[in-house]
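Could you have a look at this structure, given as structure tokens, before my questions?
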Amino acid sequence: MIFASDNWAGAAEPIVAALAEQARNGGPAYGGDALSKAVEARFCEIFEREVAVYFVGTGTAANALAIANYCRPGSIVFGHTQAHINVDEANGLEFLGGGVKVVGLDGEGGKLTPSTLLDGLAAFPERGFHHGQPVAVSLSQANELGQAYSPAEVAAVTEVAKDKGLAVHMDGARFAGAVAGLGVSPADVTWKAGVDVLSFGGTKNGCLAAEAVVFFNPAQARDFGFARQRIGHGFSKAWFIAAQFARYLEGDTWLALAGHANARARVLADAVRSGREARLALEPSANEVLAILTEGLDARLKAAGAIYYPWSPAGMPADALPGPGEVLVRFVTSFQTSEDEVARFAALVSGSTTP
Amino acid sequence: MIFASDNWAGAAEPIVAALAEQARNGGPAYGGDALSKAVEARFCEIFEREVAVYFVGTGTAANALAIANYCRPGSIVFGHTQAHINVDEANGLEFLGGGVKVVGLDGEGGKLTPSTLLDGLAAFPERGFHHGQPVAVSLSQANELGQAYSPAEVAAVTEVAKDKGLAVHMDGARFAGAVAGLGVSPADVTWKAGVDVLSFGGTKNGCLAAEAVVFFNPAQARDFGFARQRIGHGFSKAWFIAAQFARYLEGDTWLALAGHANARARVLADAVRSGREARLALEPSANEVLAILTEGLDARLKAAGAIYYPWSPAGMPADALPGPGEVLVRFVTSFQTSEDEVARFAALVSGSTTP
Amino acid sequence: MIFASDNWAGAAEPIVAALAEQARNGGPAYGGDALSKAVEARFCEIFEREVAVYFVGTGTAANALAIANYCRPGSIVFGHTQAHINVDEANGLEFLGGGVKVVGLDGEGGKLTPSTLLDGLAAFPERGFHHGQPVAVSLSQANELGQAYSPAEVAAVTEVAKDKGLAVHMDGARFAGAVAGLGVSPADVTWKAGVDVLSFGGTKNGCLAAEAVVFFNPAQARDFGFARQRIGHGFSKAWFIAAQFARYLEGDTWLALAGHANARARVLADAVRSGREARLALEPSANEVLAILTEGLDARLKAAGAIYYPWSPAGMPADALPGPGEVLVRFVTSFQTSEDEVARFAALVSGSTTP
Amino acid sequence: MIFASDNWAGAAEPIVAALAEQARNGGPAYGGDALSKAVEARFCEIFEREVAVYFVGTGTAANALAIANYCRPGSIVFGHTQAHINVDEANGLEFLGGGVKVVGLDGEGGKLTPSTLLDGLAAFPERGFHHGQPVAVSLSQANELGQAYSPAEVAAVTEVAKDKGLAVHMDGARFAGAVAGLGVSPADVTWKAGVDVLSFGGTKNGCLAAEAVVFFNPAQARDFGFARQRIGHGFSKAWFIAAQFARYLEGDTWLALAGHANARARVLADAVRSGREARLALEPSANEVLAILTEGLDARLKAAGAIYYPWSPAGMPADALPGPGEVLVRFVTSFQTSEDEVARFAALVSGSTTP
């Protein structure tokens, strides 16, 4: 019962096999191989337009590099208070962007809205040299609380951003989960809704280490190759990432893997919804379930071997906060989460089983 | 006949197999897995002392992070003019070290000596706030010209360095090749000779992407975890690097792979030595052969499909520089270089075959 | 009636005269002059201990350099939400500290307390590589809301800081005003209360451009000369700053100038306190008066030529927030504020005069 | 006999008086004062076009900020080996430009030429992500060896630069001396010859601390206000710099001051030229005299109280290098150098006086 994070999972068998096959062959270094080029073409297909694709090793690198691409002296970047860029990347963006201030904004369910962004912008008058200059906003899709933005929700935020000259970044470490959960096209929820650059994640959804920065306007990536190289995310044997993506993006593999994880999350959510000592804090859009448990149930789940983390209530609706004797927790499923795991969990939550 | 670089090779079969096996299982994220800990223990064994080991994705990251660990405001770092940190890392160290000046020093065969280091230091008086402060020196082992430092040569340079308060870094992207070529113990050529921190490379010698920063004094690594995380080299599925290293370092696998590459390089060197239109620029210590070819032979080799690069003459002895109608080139072998490849090459160089 | 800021004032006559006198003479560059050394000695006297003193050109440079001196990769620095480092320095600390995250904390009257600092620290577990590492806390003395910390209040915060390994910085752009207002010794309110480094300001209190970074433990300043030089705050004609400080610190000149400003602020405060359309938001400790005005009075003051700014209510006690039809404003006095200015203001506020 | 540097001098009397006068008055902070605006207008007049002017405190700040304005990830900046940016600014550019590599080029007399720049560029192929990207070249006018570029010499270098997409910076810490020495118009030797941005120095030529960054295409300065503010070179009492410049640039004051220094340098040069134990290394263009002395004369000059520094021979013509028993030295005059000083020097060098 590992619900700690989707990055505790192994890698999906077809991806492992594809990587192993390619590993024997090698190829020209630093992305000169045919597979890397084929993957870029596949990304263009998926997003229904020309895109520029840069592989990197981790989601942290993808996010920080992607946003730093738009940074200038005194940069202000907006994101949700709970955003990965704000709390989990050891000041990666602050550093790579040359001294960025990440301004955390509130928003229910971890989602930014036009009004929260406008509120954030209000503190930064144009050419207010003392305060810094807003350059970008970042949306997590799906976000750290398991919520996905609909295309209309993305567009509403990007409209404000464009009006104020901000670049729009989407943290898609869980992009597959969001797309699968929303049932929308990748294009509709990104560039067609105003997104400039996407961190497209594979690692949390069945790859070993495969992340890509996707620029929807390739000209904006002019300096990206240099920015990536100088922090060592230009891999010599780039085909080891290409091989993972090639298989991951073959047909609908990536969406099928995410769909599996999402389905397992729905089972967890149903169990929570029906439990007497548990309730849902948010209806999940993808593979993260935010739940409120009694301390008693929390202890019993852990005693039974369930692994998961408590979670910060920032950005939760007022009616979904833990009360006395309760804890807010997050359960994350993955492509590898088994029917047995969720069944055991459900039994524990429903109370029919005592560990 | 691929002699362009050792990073054009695929990965060694046992390493591929080990990675594929582990990939199915996964484990706790961010290095919490058992395999990561086992690999750290194996490093301690190999180096005959307690070391702190940090995995990263590339050699560029390993070098820049390792040296930046010792940087302070106004840092001056010394390396050979041809050093990878000086010419191939897109200002990685300059950036990660917060505005470092890398001072390239000359030295025959790409090797630094005590006197070249002392010459370099002369421009930087203590507390000379205008000029910056020397903080580190970096040695490449084996270096970009295929030469390895003996333990005594390392010690001679580090003695000067220690006297001046410099940290000593060793760029061991080709460490296995150097150790195999020198026939020395890993400890003798590193910390016992005064090295503080080592970039230990696996990628060029049979891994897919496996590099480690090894601190011989673990206390010096206090901030390294943060520095690594903020540029996204803290991998969530760190076991994908651990699995490669576990197999790479099992028994003498790493040295055997390097020994293979070195042996192939010796065949190339012999061919060059005996060719009428070719001569050795430097006697190889590991898997890189610097040679001077006539333009005619150069053209014939390329026509026959050999892939390799011309090379800069900086740091070559005066009697080993190309003359009119000649070119300096570098041939690199790998664990994967076949007997057939070197035989075809030898035949072409010896003139018995016309392409 | 200029109450916009104390940096709109000219310079005090004796300081102007001393600077003009020294300006004719010049001297050895970069602080080698005798006056610079004399000023350092005077600082030691004032603080009753050996200190290391570094002149810089502005308070922003003083703050950012002083705190950056303690920064390491992934640094977290705490300050009040309204602190100058957090809102007015264009990411100076974020940049100079190599990607710092400044965490703004609340606290009534713009003052940090042990409990707010502890709350802030709670999000950063030791060796939590994802989150960054707390390295310092900064207190403004007097702060942006006109409040000064008593020695005991400083000591209470620094006790928590020391316990957690944080360096303690004091932003003393208005240090003279705080010392004059509190009636304490400079030593008591700084190093004796646990402060490590002080930005000692002269500019806002009668100098033209004279700021100093004062280290109470000189050994901590090891790299400061380099850090200052590389951003161009090592002035060649350093005696132009020394000359200002020499006169500023002669006898109690600095405290007398601040005392003047504070006294004028008290007149403003009295006027506000007694006005029917105005009330004090905070009792002033030095030369800043936070007041709540009716929109009508605000308009009349401006029409009469008073210059001042509206102010953010962050960190104000609940009973001191503007209501409907009211505005929160800040009035700042200086050594140059005249009796006539404050009298005109008082008359306007008291309602006896219509503009 | 102070010939150590022009920044050992005091300030010119009219400038001191103007500063003192303005100091009493003050004005709106951060450049909102009328004098600052008047100075900007005067710069437009002097350069015969619209320019954007930003005051900063030091030449180091001016240079590093001006060039960093054009930097992008992996930046390569070219300058002469002896350039101030390369040896005297404690990695200021490397830091402010976010990890810049300053590539020092040779060139006789400290001057770059089209061919040396082309040689430097050859190592950096377009989109060569490993090597970094050239972004700018910097010319010192007059340079560290006392040489000035004619408009044609500037234009020759900038033609190469423009062709390769490089911005062109001019380090004009001694711009007045160069203009006075060359007898050209400020416009001719800057933007009309292809210069994009100029560090315009006042400090070495009679001011206390007055430097300006002048953009000839104001649109290129979009982010400069933020970049300046975050390192604390946006002065609150900016009128203290404006007052110096206002007087410095009144009529031909600046050129007259420089003319005085240049004339004194010519006297020194004549003395050297005629001395039996001395010879000119380079014919001076402005106020720096590079000379070769016998060790005996060197000792006698110092014994007589002359203050000056030995100098690096990098970039000296082959026939102007010190031989055995000789030293290369630099004498610098200033607006304040007296007739008496140079006469005493001349007497010592000509041998008619023994100290």
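By letter and in written order, the chains are A, B, C and D; residue numbering begins at 1 in each of them.
Throughout what follows, a contact is a pair of C-beta atoms (placed from the backbone, for glycine too) under 8 Å apart; a residue touches a chain by one contact, two chains touch by 3 or more.
The chain lineup, named per UniProt: A, B, C, D = L-threonine aldolase.
Please read all numbers here as calculations on a predicted model, not as lab measurements.
Ranked by distance of CA centroids from chain D, the top chain is A. More C-beta pairs touch across one of B-C and A-B than the other; that pair is A-B.
Here the spacing of chain B and chain D, counted between their Cα centres, is 41 Å. As a whole-number value, the distance joining the C-alpha centres of chain B and chain C reads 51 Å.
If you average the CA atoms of chain A and of chain B, the two centres end up 35 Å from each other.
For chain C, residues that reach two or more other chains under the stated contact definition are 73-74, 89-92, 94-96, 98-99, 129-130, 132, 226, 229-230, 234.
Remark: chain B residues 73-76, 87-92, 94-102, 123, 129-132 touch chain D in the complex.
Interface of chain C with chain B (complex): residues 30, 72-74, 98-99, 127, 129-130, 132-133, 222-230, 234. The touching residues of chain B, when paired with chain A in their complex, are 4-5, 7-11, 13, 16-17, 19-20, 22-29, 56-62, 64-65, 89-92, 94-96, 203-204, 208-209, 226, 229-237, 240, 336.
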